[in-house]
Amino acid sequence: MTTLTALRPTRSVSTAALYGLGTVSVLAALGLVRGAGSSSTALTVVVTGLAYLLLAFALVLAVEGRRAAVDRTFTNLAWGSFLLALVPLVSVIALVVKNGSRRFDANFLTHSLRGIGPRDSNGGAYHAILGTLEQVGLASLIAIPLGLLAAIYVVEHGRGWLVSAVRFVTDVMTGVPSIVAGLFVFTFWVLALGRGFSGFAASLALAILMLPTVVRTTEVVLGLVPDSLREASLALGVSRWKMVLRVVLPTAASGITTGIVLAIARVTGETAPLLLTALNFDSINSNPFKGQQAGLPSFVFAQAGQPQQAAVDRAWAGALTLLLLVLLLNLVARLIARRTRLKD
Amino acid sequence: MAKRITATDVAAYYGGFKAIDGVSLTIEPKSVTALIGPSGCGKSTFLRTLNRMHEVIPGARVEGKVLLDSEDLYGVGVDAVAVRRTIGMVFQRPNPFPTMSIYDNVAAGLKLNGIKGKQTLDEAVERSLRGANLWNEVKDRLSKPGAGLSGGQQQRLCIARAIAVEPQVLLMDEPCSALDPISTLAIEDLMTDLKDRFTIVIVTHNMQQAARVSDRTGFFSLEATGEPGRLIEIDDTSTIFSNPSEKRTEDYITGRFG
Amino acid sequence: MTTPVADPTVAPSSALSGGSTGRGDRVFFALTGASGIALVLTIVAIGAFLVVQAVPALRDDTTSFLTTKAFLPEADRPTFGIAVLVSGTVITSLIAMVLAVPVALGVAIFVTQYAPRRLAGLLGGIVDLLAAVPSVVYGLWGIAYLDRHLQSVNSGLNSALGWFPLFGDTGGRYGRSVLLASLVLAIMVLPIIAALSREVLLQVSPSLREAALALGATRWEAIRTAVLPPSWPGITSAIMLGLGRALGETIAVALVLGTSSQITTKILGSGGNTIAANIAQKFSEYAQGGRGALIATGLVLFVITFAVNALARLIVVRSARRRLG
């Protein structure tokens, strides 16, 4: 047993001691913050975190030595970063739910803003929801097939200048700011082709923003399909295109679907391109190919910019609708991803 | 339906690298021919030139002639896809299609080649699974995923899938290297059955396996790393293992190198 | 949501791809290739159309576009420049990076190295949700909630650290500050940098970390010596991509930042503007000439973000090449 005791550190900090340290930190922070004449919860939390970090370092340094103290500090920092990142998420969701529920009612979901002034307390986002569904739907119809095919070309063709070019362009497009995509569609569709502002113009801009995500995820997922399956298909005397359609794509299907749903979720919340392509509109326009059309994000933006409380309330209700839509899409994506993981 | 393969002066390249050079041999119908040799000697590469699977790797090409009976596989107008339908292949690791059931895996080659009709497919599936000694184990769960089988069963499923398209030659690239001894034995037994109907070429690392299953054995080797692999000699398996004509073959078989 | 790591050199490519035989294959690859060409043409068209529309506006500009602070493209003698907009864009984004990068790396390290393995996917997914929140929602949250709380922090920072130029006196007005815009941007790019860095860290073989642990290293020492060094190029690239996103973010900034036509270096108060926010705010009120000027600024933004993203890509390609030897 002597060998084992030699492996045991002579002294170590117990979990109970760390809990104690936590309590001390909270009390110290409360004292400090109150003493400085502030009652901010956020500030107290931050000071508590810093106090705990310092106290834990000091305690572990005294008991276990420098290496253990540094290790403990970085563990605390990693946990701290994660908890800190959760703060805005919780805060945003809580506030959107709280303020949004004030006007999130049947009237809001079934009426437009036609004839509604900023002071009026009724009026809704029906026209904007309709516009968003149409715009995002059309964008998906353009971006999904194009992106899928381009990604298939990159992975299954594998060589040549076009493959490198598509890879490069995909990377560059990922970084194109959404406002620039909107400006481009304005210059191209509205100015050069003279087709005017419309929901479809917004779809074009959203499609540009979706494309790189669709290409990139499809590329990654197709790359995960083992080459042995391609070999097996080819060795059966199957042509390449049948191999891709019947063996490679079905194997990759759920991964690709997850990526596509996430791409849809991303563009659903895009505001900037709408302002330059579909503009905004207070009434229902169910024809995405003609005339200005509202979208949920541009609805929120316009209402949020008004000083009247009634308008701001509508903005919050719109934000809640948008958030629900986007989170629903994310949930769907995650469920699809989960289903695949179970399969293999 | 089994046919003879005659390779004449075959060389294979990966880009600028010459992997094998000057391989000439004849593979007799309805027999098992084993290809042995140290790692990197090009035996798998050579196997893949026999059904034009080598060229699917970007930059890879083949020189020389490979005749199936009298038809040159690399002749003008010969479709590589058709060649692969005629010469089936089983790989090192079992690779059933993960999205397909056992039934669909076996029928995949037929379906993908446009063959329809439930009865035709049913018959082909049963015949192939029986041919691969797997029918009794899976007949009650044909609609279950192929990936749910054990490794040895998966490999026999892959053999069933390969023979379902009625090839004339069956190429096997180290088919047992990922399997346990009992599954290996099952595959070896199967090979003995299959050679009544097919010409079989097997690449193996395992010399005992070559000695057990093959009628003829070819020994590949290379002078040095970076040099192309060559066929040193090919002869009846008993001769190769008891009385090889080349010193290098004897050294390899007795374990002096490789 | 996660955009998969853009690593062009190790990007997947089937080893079996190559020449095709048969008519079906030719048609198939013509179709897929055409989609690829459409993609390439799109990016060329974006550049070309912006240039074509920007040139007349720039020709009408009566002052130096690069150095002028005023933005009056609809005046009788159009006078506009991007000095305020570029400096505002760069300042807000850089501060956002200073705030976001340490936390994002902390999150990535936490999720990959510290979190219980079974929960890692779930915890990463929760952080990814931050990226799912639309920018207009962040903007709304920023003006309605964060601004109020940040004002007291700004005031405190000024009284404590007022000697430092960035925290200089803003005349007692701390609302809709540059720092608020930066903080909102930081929250928006955090999940992007965290997710990309997480992917990079996951690519490091666990055996490297185990080797370090087996030599008697503490957990942090193993991360520092075995996990982080091979990850730096990927993390740098993730940071650059986050920066690109911050530079181009529009709506949140347009909602939260109090604008002015002066370059401001005092981040505790409002002032300045960003290229993207300026476009969103002015587009609907401007006519032909003014929109041309906005397009010219958009072109500048496109060039800047293009450069940042190309640099991110270059870092990854370089390091991958070095890795392959």
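Here the chain labels run A, B and C in written order, and each chain numbers its own residues starting at 1.
As a working rule, contacts are C-beta pairs under 8 Å (C-beta built on N, C-alpha and C of every residue); 3 or more make two chains touch, one makes a residue touch a chain.
The model shown is predicted, which means the values in this text are computed figures rather than measured ones.
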- Which chain wins if you rank chains by how close their C-alpha centre is to the centre of all protein C-alpha atoms? A
- Most remote chain, CA-based centroid, reference being chain B: C
- State the pair of chains with the top count of C-beta pairs in contact. A-C
- Per the centroid of Cα atoms for each chain, what is the distance between chain B and chain C, given in Å? 53
- Return the distance between the CA-based centres of chain A and chain C, expressed in whole Å. 14
- Can you give the whole-Å distance between the Cα centres of chain A and chain B? 49
- What residues in chain C touch two or more of the other chains? 15-18, 21-22
- Item | Junction residues of chain B, two or more chains touched | 56, 58-59, 81
- Note the residues in chain A that touch 2 or more other chains, in rising order. 158-159, 231, 234, 239, 242
- Task: In the complex, go through chain A and note every residue touching chain C.
- Result: 38, 40, 42-43, 67-68, 70-71, 73-75, 77-82, 84-86, 88-89, 91-93, 95-96, 99, 145-150, 152-159, 162-163, 165-181, 183-184, 186-188, 191-192, 208, 211, 213, 215-217, 219-220, 222-224, 227, 230-231, 234, 239-242, 244, 259, 262, 265-266, 268-272, 275-276, 279-280, 297, 300-301, 304-305, 312, 315-316, 319, 322-323, 326-327, 330, 333-334
- Quick one: in the complex, what on chain C touches chain A? 1-4, 6, 8, 11-18, 20-22, 24-25, 27-29, 31-40, 42-43, 45-46, 49-50, 52-53, 102-107, 109-111, 113-115, 123, 125-130, 132-141, 143-145, 149, 152-153, 156, 187, 190-191, 194, 218-221, 223, 241, 244-245, 247-251, 254-255, 276, 279-280, 283-284, 291, 294-295, 298, 301-302, 305-306, 308-310, 312-313
- Where on chain A does chain B make contact in their complex? 158-159, 226, 228-229, 231-239, 242-243, 246-247, 250-251, 253, 343-344
- Spell out the part of chain B that touches chain A in their complex, as residue ranges. 51, 53, 56, 58-59, 81-86, 88-89, 91, 93, 95, 97-99, 108-109, 112-113, 145, 147, 158, 161-162, 165
